[in-house]
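Both of the next two complexes hold chain A, though its partner changes from chain B to chain C.
Showing the complex of A and B:
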């Protein structure tokens, strides 16, 4: 298989399969989760200021008092790489072009140099968080294979994408193909791993906030 | 037209100075040291026309047209006259048995020394019956001719990588030269058609040094195919600035912005178009407003569409509808299973009273 055949595969059949598995997995899990259902809470609802689903959705985005000081790497690094990923995926020109091809909508993009810089910052934050996970005994103890695996699956598309645009290590064709392949692996893994939090995050926050608000507890 | 090349050139009105300049240009294009230009001029001026046999197989004659006509009359064209082209169906006057006889004679007289040029792919389907010359299949002729050749030059993408005949679904079972000839040095000069100077460059290299130029992993001369179109493109700054033509007639297209979004395959295509240009340096595809098709790469015809940007997928939603239906069905199925589990648990639940505990 030549470079171009590899690239053609990743852009063609590879992507077809990855998108199919992604859609299948996302629908499966969303339907499964949201049809689980819970018994109705028959107790009379209590009311407390700041206790509601919506409150919790926002509140959980901020570190609880004192936590930022105790684990700054988790919070700051976490913010940086999540925002970085969002900028790269949703404001990088080739990615917006991909989205336009997929669903037909597009929007203005940022210059490639800025996206390149964002990728470097994002990778630095992710590496720092990985080092923190390895260094802190508690974090290391709590980490399972899934944690290491999902870190790698998230990191690789950023690394290969950046290396492709910077023409590092491998010829552009090969690197671009590897980049697309790594993004496809991410698509396949996402619905069946903790990365699915991208979809369930706000729903589960709302659920927790709502259940506790019924008991008069702002969480 | 016997005798050293320089005499023939002189007869055609090419001065020694012009010839030296040409050799120096050729040497610099091939990234050879400056002294190589002189060496090339000396070697080529004195050369006794080497025998060249040109076999056309499954092809459109575009490669021959490109090489014989686009620059004519120039030194490239003349050097082409200077090799002893003993067999070339398009150019030779002879036909039928006489032509085949000329080929046989040339092969016998120069056994082990002649250069074999091939354009076109070789069909293997139906025992090669898809393309025959003088009642013999292409694969048969190629095997025979390659046997006595010093080296094989595969001209054009068809001969180098199978090209359009090999494109999906490849009805004739077309294969490139390198699939048939295994024991001779092969130079691939892909392109649809290839750039004339690349062809003459390789010939000049062979005549001067008696060897073939350095090749990349796809068998192409590194000096011409070492860099991508994109890396040498004069529109590259627009790519870096994120300025793209969105259609072929918008403001961006008129301003000469990057054609990436219109499907240009420049970033993955290795060729010299951006530096050597076409038609005597007049222009080249991107300069005339159309993106690169990637014609010098294997399987460029099946590369997912000429007008699809490289970052855009070929047909990503192919299985989307089916996958969504299956996903939803699995979700609903699992959901029913969960409910059944819950109901079963509820049904088998035994209430315990305080009295039970005190038993």
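Showing the complex of A and C:
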């Protein structure tokens, strides 16, 4: 298989397969989780301002009082790499073009130099988070194969994408094909790993907010 | 697989619902919950990370309810939860978890971890992996009425003494009273002055009240051990008595877990909403304060801090009453940084104070360092709280560290300074 054939495969059948697994996987997992349902709370509710499922969905995006000081790397590193990933995926020109080809909608993009810089900052934050996972006793203790694996699966598309645009190490065609392949692996892994938190965290925050709002506690 | 383990696993399968599934799927192993748990912050041991405490529940969830887990189970890649494992987890689910719920407040993906621990206890209890101390407290409550084995004649005796010391009548089994008063054994035995305080306040406010000779104990060890069946038996006693006496309200004592049991778990245990209101004593007192009935003769001058019991405040929702009440009676109340719903547990809730093994007691003493620090940082010699179980635990902590800090109960403090 030549470089071009490889690239053609990743952009054609490879992409179709990855997107299909991703979409069906997400749908299956959401059904699997949320059709389990829950019992109605029969205790008379207490109402309090700021206490609801929706409040908690938003409130949990910020560190609760005192927590930033206790774990600065988790919060700052976490913000930087999540926001970085979102900027790259949703505001990088080639990605918006891909989305346009897939679903037909598009929006303005950011200059490639800015995206490149964002990629470097994102990777730095991810490396910092990895170091923290190795260093901090609690994180190391909790970590399983999945934690290291999903880190790599998330890191590789950023690295290969950045290297392709910077023309580093491998010829552009080859690196681009590797980049697309790594993104496809990410799509396939996402619904079946902890990366699925990107979908379930809204439900989790809502349930927590709702259950505690019933008792009049904004959480 | 032993019959009891099978029952335990079955119980765990039963309790897994959409929130629990969503929580497990959302966890990214960030470890932030450890920073909210006093058993971790004070020992530094990673095994006390809250989400790790529910690992057996996660395993059952994965094997029984997820596509990948079922596949892994089929080809033998995932191991079933064993008796040995649950035995190992007993310390994590009971000794080192007071169901304080602070972890549920900080998880960035929103996991309500204490909700999961409470559900895991259902499986632990059925499979015979609950600690002996909580088991005997539960047995006592079911058989004799209270966790300490206290029976009505002894309670009636304490009530008579309260009548003598206050000169006020304390009605028993009186139909149609506005409030049916519940107590906790700890109050009856260790803090009978709570009963005097209530009698004074009710008489001053002109509110009718009664005790029931059939249901006087509010604590529910069935919930702490994690057995909904036993918890239902215990709570039904109160519901039956309140409905028989046709009271408008049932007054929960200061005791935090008692309040949680009757106010929030109660209707769900009996399977229907109550025909009466459940009111925490502080809610009643704050209401009386707002009506101008709770006027003070004088105020306490000592600088003091407040310990907000988890089950009443963070988990129970009585958020606004404690501070105005303490300000009503104390001139030098000092608000601390982690107060109200962010307060740190005393270390003895959730049944933990009933576990008397050497290891559990040593762990509680270590966890207590956080309260010690709060007191020292505020530079006060007095702490006020409103939960009999917190009081026992805190007094044990004071003894252990040879602190000469004074500990006061809020209701009694208010009664002591009440204008005649």
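In this text, the second predicted complex is superposed on the first by the 219 of 219 C-alpha atoms of A that agree within 3 Å, B and C clash if a C-alpha of one lies under 4 Å from a C-alpha of the other, contacts with A are read in each partner's own complex, and residues count from 1 in each chain.
The rule is simple: a contact is a pair of C-beta atoms (placed from the backbone, for glycine too) under 8 Å apart; a residue touches a chain by one contact, two chains touch by 3 or more.
Only a predicted model underlies this, so the values are computations on that prediction, with no experimental measurement involved.
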{"item": "Room on chain A for both chain B and chain C (clash or fit)", "value": "fit"}
{"item": "Partner chain in contact with A:11 - chain B first, chain C second, else both or neither", "value": "first"}
{"item": "Touched partner set for A:28, first chain B, second chain C, both or neither", "value": "both"}
{"item": "Touched partner set for A:172, first chain B, second chain C, both or neither", "value": "first"}
{"item": "Chain B versus chain C as contact partner of A:19, first or second or both or neither", "value": "first"}
{"item": "Chain B versus chain C as contact partner of A:38, first or second or both or neither", "value": "second"}
{"item": "Partner chain(s) touched by A:112 [first = chain B, second = chain C, both, neither]", "value": "first"}
{"item": "Touched partner set for A:139, first chain B, second chain C, both or neither", "value": "second"}
{"item": "Between chain B and chain C, more extensive residue contact with chain A", "value": "C"}
{"item": "First, second, both or neither for A:95, with chain B first and chain C second", "value": "first"}
{"item": "Chain B and chain C, minimum CA distance [Å, superposed model]", "value": "5"}
{"item": "On chain A, the residue positions that both chain B and chain C contact, one per complex", "value": "28-29, 32, 35-37"}
{"item": "Residue ranges of chain A in contact with chain B within the complex", "value": "2-5, 7-8, 11-12, 15-17, 19-32, 35-37, 93-95, 97-98, 101-102, 109-113, 167, 172-173, 176"}
{"item": "Residues of chain B that touch chain A when the two form their complex", "value": "218, 228, 230-231, 239-242, 244, 261, 267-268, 294, 297-300, 302-304, 308-320, 322-324, 326-328, 330-332, 334-335, 338-339"}
{"item": "Residue numbers on chain A that touch chain C, as the complex places them", "value": "28-29, 32-39, 41-44, 46, 48, 56-57, 60, 63-67, 70-71, 74, 78, 136-144, 147, 192, 194, 196-197, 200-201, 203-209, 211-212, 215-219"}
{"item": "List of chain C residues in touch with chain A within their complex", "value": "16-23, 25-32, 34-36, 40, 44, 46-47, 49, 51-52, 65-68, 104-112, 115, 263-268, 271-274, 277-278, 314-317, 319, 337-338, 341-342"}
